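Paired with chain B in one complex and with chain C in the other, chain A is shared by the two complexes that follow.
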Partner chain A sequence: MKRLLLKVEPILWLLFGQGILIGTLLLTGWVLVLGIAAPLGVVDPISYARAHDLGASLIGRLVLLALIALPLWKGAHHMRHVFIDTGGGDRDATVAPLLYLLAAAGSLVAILAVVRL
Partner chain B sequence: MSDVQKKTFVVTRFDPDRDQVPKTQSYEVPVEPDWKVLDALNFIKDHIDPTLSHRWSCRMAVCGSCGMLVNGEPKLTCKVALSSYGDTVEVAPLPNFPVIRDLVVELDGFMEKFEHVKPWIIRAKERAVEDGPMRQSPEELEEFKHFSMCINCMLCYAACPVVANEPEFLGPAAIALGHRYSLDSRDEGAGERNRIFRGEGTVFACSYANECSEVCPKNVDPAAAVNQAKLKAVIDWAAGLVLPRRAEE
Partner chain C sequence: MPQHAHPEAMAPSKPGSTRTAPPLRPPQLPFAGRYRAYTLFGWTGLLYLLLGFLALRVVWALGDGKQAFDAVIASFEHPLYIAFHVLALVGVVFVGVRFFRLFPKAQPPRIGPVKPPPPAVILTALYAVWIGVTVVFAAILAGGIFA
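So, the complex of A and B:
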């Protein structure tokens, strides 16, 4: 398992890096505008039909997928390293696949969700 | 000299022939206003306790020998002023290294990591002497110059949480040095180093705590080198998938 993790590390790191970018920049703004500012009336709320049209376009689906899936990989990778940094390195071969499987399952659900929009 | 200030130095002592575990010993030292931490350690050695062992050489932050833990932080003891500390100063050996005696740590494992990253100019074909020197523009030098200012003081290894938990990890200084050569316009060994960076001791083990750059006394910014090395290793890996021959080079 350690060798496999080593082999796929470039992919994991790439997903993690993109997850940081999307998670810290875009997702924060997304939640701020749609989750807080719009319900409070600070910005004009977007109608359901308009939001659905935007989300169901090809670019909209890709953006939604990136917004949901990439932060999951970032979270899994971060949790793995927090686990290692706090002395759990011996069990990395068990913990890391579990965390990445969770991220993969979440990504699969996200793919199904954006396809069915 | 009538109003001499005194500071208490709590120094970690360890004699492998007698001690099972390290212990601390306190020394009262009359300090001068312009002294560095190293001056006080040398005073202890010369005037109070000649059995104290510590490593130092140049006294001008160039040789990288006198790195120690001062009040819990990795510091070059010849560079940090005593005036920035209170009446009690704790001095201990650098963590993440085996201790030989008192404040002196073992360097062997650290030096081996440097060899792993091939810190020399690699050429596919050796250049003949009659071809003259390899020219380099100031812009090309600027690409890697700051990464070449490392003095191997090991403070970054003492500060790194990944080095503490993963002995295989190449570590900040070694990766920065390897990356320095990969950025050198005269070098053709980036592919070899990328494979090393992706292998055992992988650069991806770095969790970007950034502590290495925080403690670096020469502003090398090894954290930046590690993360640039990650990106280069990923691009090289992806290019190897598309162009299989590239991976075999």
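So, the complex of A and C:
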């Protein structure tokens, strides 16, 4: 498992970096409107019909997929390193696959979610 | 005709001292001194994981129909969700500021004949893109444009 993790390390770091960059670019507006402003009644959230129309377009699907999947990989990779920093590298062989499996499963479901729109 | 380099060409002239002791955990970890920001940066991973799954819940509901979508959006009115999203916004902004500050430092001195722009220009461009994407995306989600 350790050898496999080392082999895919460049991909993991790529997804981590894109998770920070694209994830942060998209999540700021998402959290601001759907997480804070709309629930507090400051703005009305986008209607279902409009959200579905925009989300079902090719660009919409790609944006939504990036919004979901990239933060998952950023989160998994960062939490792996938190576990290494706080608990040492001994548990890494168990923790790392679990976190990456979580991100991979979430990404697969995200693909399914945007395909079925 | 080019010759192959000697396989030991880059080897040191004499063997260096090999570190045999295991790496030591800095005593300042996790929250003392400059490790506070480092540790908090790491823990934002948990926020991003949760945000990713919450976004997945919204998009899945979008595929399920109007009733499911409206129910998910309405569920975000719970005070715990609002508190989480405020914390998440702080975390996302913290990650963005910390990560974008790295960009100028990560530039190569030059690419061929071209030098990278000054750090202030790179930072300004990054923040402009961030603010621009946020304003446009927020306007879409609030029904302000493309409505």
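Definition applied: the second predicted complex is superposed on the first by the 109 of 117 C-alpha atoms of A that agree within 3 Å, B and C clash if a C-alpha of one lies under 4 Å from a C-alpha of the other, contacts with A are read in each partner's own complex, and residues count from 1 in each chain.
Just so we're on the same page, contacts are C-beta pairs under 8 Å (C-beta built on N, C-alpha and C of every residue); 3 or more make two chains touch, one makes a residue touch a chain.
Source: prediction; values computed, not measured.
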Touched partner set for A:P97, first chain B, second chain C, both or neither: neither
Contacts of A:L6 with chain B and chain C, given as first, second, both or neither: first
First (chain B), second (chain C), both or neither touched by A:G106: second
First (chain B), second (chain C), both or neither touched by A:G19: second
Chain A residues touched - chain C or chain B, whichever exceeds: C
Which superposed partner A:L32 touches (first chain B, second chain C, both, neither): second
Partner chain(s) touched by A:G55 [first = chain B, second = chain C, both, neither]: second
First, second, both or neither for A:G87, with chain B first and chain C second: first
On chain A, positions contacted by chain B and by chain C: 78, 81-82, 85
Complex contact set, residues of chain B against chain A: 161-162, 165-166, 198-200, 202, 204-205, 207, 209, 230, 233-234, 237-238
Chain A - residues contacting chain B, complex: 6, 9-10, 12-14, 78, 81-82, 84-85, 87, 89
In the complex, chain C residues that touch chain A: 25, 29-30, 39, 41-53, 55-56, 58-60, 62-63, 65-66, 69-70, 73, 76-77, 81-82, 84-86, 88-89, 92-93, 95-96, 99, 129-130, 133-138, 140-143, 146-147
Complex contact set, residues of chain A against chain C: 19-21, 23-40, 43-52, 54-55, 64, 67-72, 74-79, 81-82, 85-86, 88, 102-103, 106, 109-110, 113-114, 116-117
